[in-house]
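Next up, some structures in structure tokens.
The two complexes that follow have chain A in common; it is paired with chain B in the first and with chain C in the second.
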Partner chain A sequence: MSVQAAPIATTSTARRALGRLAWTLVPAAPFVIVTLIWIMATGILNPSKETLPPVTDVLASIKELALSGQLATNVVASLYRLLLGSILGIVTGLIGGVIVGLNRKLAESLNPVVVFFNAISGIVWLPLMITWLGIGNALAVFLIWNTVFFIVFQNAALGVQLVPEVYEQGVRALGGGRWQTMRSVILPGALPYILTGIRTGLGFGWRALIAAELVGAATGLGTMIFDAAEYHRSDIIVAGCLIIGVIAIVMDRWLLLPIERRTVRRWGLVADTEKE
Partner chain B sequence: MDAAANAEKIAVSGFRHFFDTEDGPVQATGVVDLKIRAGEFVTLVGPSGCGKTTLLKAMAGFIRPTEGTIHCDGKLVTKPGRERGVVFQELAILPWRTVRRNIGHGLEIAGVPKVEREEKVTRLIDLIGLGGFEDRYPHELSGGMRQRVAVARTWAADPDVILMDEPFAAVDAMTRLTLQEELGRLCVATRKTVFFITHSVDEAVFLGDRVLVMTRRPGTIKAEIDIPRRAAGGRDWESFTTDVEMQGIAERVLKLVRAERGLTPAEEARAAAGAGA
Partner chain C sequence: MSLVSVQHAPAARPIPVPTGWAVAARQLRSVKILFPFIVLVAIWWAIQAAGNFPDRVLVSPQRVFDTMVLLISRGVIAEYVSTSLKIIGIATAISIVVGVPIGFAVGANRYAARSLEGFLRFLQGVSGIAWLPLIIIWFGFTHATTLAVVVYTLIVPIIFNTMIGTRAIPEHYGLALRSLGAARLRLITDVYLPGALPSIVVGLRLGMGYGWRALIAAEMLVRQGGLGDLIFGARTSGQIDRIIGGMIIIGTLYLLIDRMLVQPIENLTIARWGVLRK
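What follows is the complex of A and B.
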């Protein structure tokens, strides 16, 4: 690099840093807007607290829940179920999806049963399972597993099928066997779909969790919301929803997004907006 | 020449291929018979879609011939093997491996120790002029750079036979000249047997010991032109372009190829006008 180029480089670096800062703030905008509308709506329309609690009430109840230790208990109970069910769903979905993705005949013969159980996956099982598994962790974990499994399974199978055949041929011409092509072609090649499956699966996993807790658990965020509804405490209901949403964002940003950045985006398999 | 050099490396006999499609079978090639001696550099030119890639993939072991057989070292080819390296038209280098790890992949599969592997890979990276790009991923390279990585990856695995499908098509003209000279020199030095598909007549004549010309689809080999052997290592563009004999051969091959290419409407009109005049 020549000396003359330095000032130009600094300006553009500074501008780029500013631009990057702006872009990190943009995702927060919708939340700010909704909060403002919420504040204005409660201020102008003055609805009953049961219809729409003011922001301050919700914040107060979050603080109260946190101090009493209820919040921690419920979050831990919910996260435990969610993670256990999701991990089971991801592992079984991946194994099944990759096997089916590699085998066109198997995929075709399994198609009807997949369509059948996919249509009734997740919370549809609730009424039946509550009599089989009773109230508690097993019920929630089953529903989450069942939900996550099908989403991960279908994405993984599709991802495997879409890996260009010539990549596999390239590795086989280098002397690679089945295990080599699996490890260095099929799995990384299917990763964009696998990650999409995991992200989507987790989102749906939350719904299954809350549904299971609404009816079939003694603790958890779903239970907390359901109990609050009985006592007409809409501030706690809204607080519960906020907490669920925040945990979901945290998991996505700090768990899944970094994995995606370091893999499929780094490899240029999906568009990366932060490319220099 | 000794016996080993004269030995038949690849024998294609009575090869013909049809692809099964939704609309029934599609004939990709006519009957092809072809023998390639060990250490020979055979180039193939022919119009687009005439079946060049199909023939190459069958030699590689990825396509089971509808008719005929392919032998390598006297053994029937039924599947790919590391003794037959392939540079694919679509390149096939892996997007999730860096330049270094792509080129070293064959050695990694063969279980070559890391130090030795890195040494060889570094030497190849220098040779193809990609120093400084070792840790880049393919999507960060230009088309020509990717092609060089693909050739280096196949070369690094040290196969006896190298099957190349238009490996330099996207390389810039200047780099291409260097790569062609380098490839010609290395192939003679290491006595590789090479089957090389190209659209460039000059490239085919420059590199080949023998040039094959295919007819349009379904392609058969309509002409074989032996290129007089130059002194080992003596392939360079300067002497090639001033060599009257070579230029004569190139012209002959060009005529053969052009006869196979369908005429464009403008050319047809011109030909008709010429006939009328």
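What follows is the complex of A and C.
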């Protein structure tokens, strides 16, 4: 029996290991499939390089862009704008959101304006802001600020409103002042929401930035793509899109999501009690 | 359908007859909504009057209002609005018809769901507008280009949320129906569709929010009509009144679509089938 059991055990562990391997590899499948279709399409249909550049061309142009330093210049220009606009958006959104979250009357009276300006946040401001600010960093930073602000603002206000009042009263009863209540109850209580807001906001901000750079900047990834279109360099366009996607994923999955998860685990207690 | 609709409709309440007080209260509420806007317009007017700006920089609210009345009466606005609405409408229809079945197919298998999740996130990271230059090479400066960008943006949240909704359906619902001899189609109409519907509608609402913005951005660059073209075109000729008026229309129209059309559908679905959501 034990003799028979051993091979069964090994096959089942082998199968389990295989299953685990498949589970880890499976996210790559769509990328591989799309690449294969792409290779086949360029091979069979033989389209012009403008219509669909071959995979090798795109890889070559990524390498070329990286070696010439053009890629670094544009990525740095884009990330710099994103950083500046996001910091402004996060700071103003946080301050505004906490104030509004603490004051229900103010929240109610401001709500219609927030809803309306949220509906036109970001790219809708582009034409007006080009006339006011001209083409350049200020324009892109404004559009990112405008996008990030509303998301952080709304999440911060919601988070603050959802902190159970009992906690606040607890600190007050123990003699805590207004500032102390804020620091030890309201801010940590709202933190999971605030971080979700920041993460979502940065995702939106990145997309708004690329759109802004298509017309309103002299450098940056969006400009790189748009300039490439003028010379019908599809390989650079596709390369740029892939780089934009990779940066978005790296930023979200490896930077912001871990921070958010840790905070939720640490401070998520508040959300749990809220459900009761 | 009856299998999953456990929630009962609330007992009918007598419809309150609006009394004088209730009417007054409602009027007060609508004034309250308008109040912050009145303050904003007053500030705008004050800045404009005090600063003595040239017309290419800032115009008075009165001027914007007059221009809008003129453009509306001449049917110019109707044309731009209908172009935008047509594209977002077609894009929504395409995204639902294509995206929902994909979401079901992928959601039914956990390996498929996991494999597509990362890919969809990647697609979302590369905004539709980044592909615009390539799509312009394919389709030229046409409505097809704008439509492609909007569908690209709209379909991702729909697939994603359909997938999540399908995964959240307890497996034994499907198994129960199958053991009673139901065919695959019955499974879709009686389990998957109602079970995932609240999630699908959430995806639709998100998608329309993203899609609307992508539409405006694409119209600015394609320049073949639509509200994005209206405000971006006005920039080249320095018509600030048209830009601000167009922005107000864009915001109002989006809020109308979202609050009057999509949100009621969402509330209805969640009230009707939301029982499956934990």
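In the analysis below, the second predicted complex is superposed on the first by the 213 of 276 C-alpha atoms of A that agree within 3 Å, B and C clash if a C-alpha of one lies under 4 Å from a C-alpha of the other, contacts with A are read in each partner's own complex, and residues count from 1 in each chain.
The definition used in the following text is that a contact is a pair of C-beta atoms (placed from the backbone, for glycine too) under 8 Å apart; a residue touches a chain by one contact, two chains touch by 3 or more.
All of these numbers come straight from a predicted model, not from anything done at the bench.
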{"item": "Three-chain arrangement built on chain A, chain B and chain C clash or fit", "value": "fit"}
{"item": "Chain B versus chain C as contact partner of A:P164, first or second or both or neither", "value": "first"}
{"item": "Which superposed partner A:P188 touches (first chain B, second chain C, both, neither)", "value": "first"}
{"item": "Chain A: partner with more touched residues, chain B or chain C", "value": "C"}
{"item": "Which of chain B and chain C A:R172 touches, first, second, both or neither", "value": "first"}
{"item": "Touched partner set for A:A22, first chain B, second chain C, both or neither", "value": "second"}
{"item": "Partner chain(s) touched by A:W206 [first = chain B, second = chain C, both, neither]", "value": "second"}
{"item": "Which superposed partner A:P112 touches (first chain B, second chain C, both, neither)", "value": "second"}
{"item": "Nearest-approach distance, in Å, of chain C Cα atoms to those of chain B in the combined model", "value": "14"}
{"item": "Parts of chain B lying in touch with chain A, wherever the complex brings them together", "value": "57, 60, 62, 79-82, 84-86, 88, 90, 92-97, 105-106, 109-110, 137-140, 153-154, 157"}
{"item": "Residues of chain C that touch chain A when the two form their complex", "value": "32-37, 40, 56-57, 111, 114-119, 121-127, 129-134, 136-138, 213, 216-217, 220-221, 231-232, 234-235, 238, 240, 243-244, 247, 250-252, 254-255, 258"}
{"item": "Residues of chain A touching chain B in the complex", "value": "164, 166-167, 169-176, 180, 184-185, 188-189, 191, 263, 266-269"}
{"item": "Parts of chain A lying in touch with chain C, wherever the complex brings them together", "value": "22-23, 26-31, 34, 50-51, 109-110, 112-113, 115-117, 119-120, 122-128, 130-132, 203, 206-207, 210-211, 214-215, 221-222, 225-226, 228-229, 232, 234, 237-238, 240-242, 244-249, 252-253"}
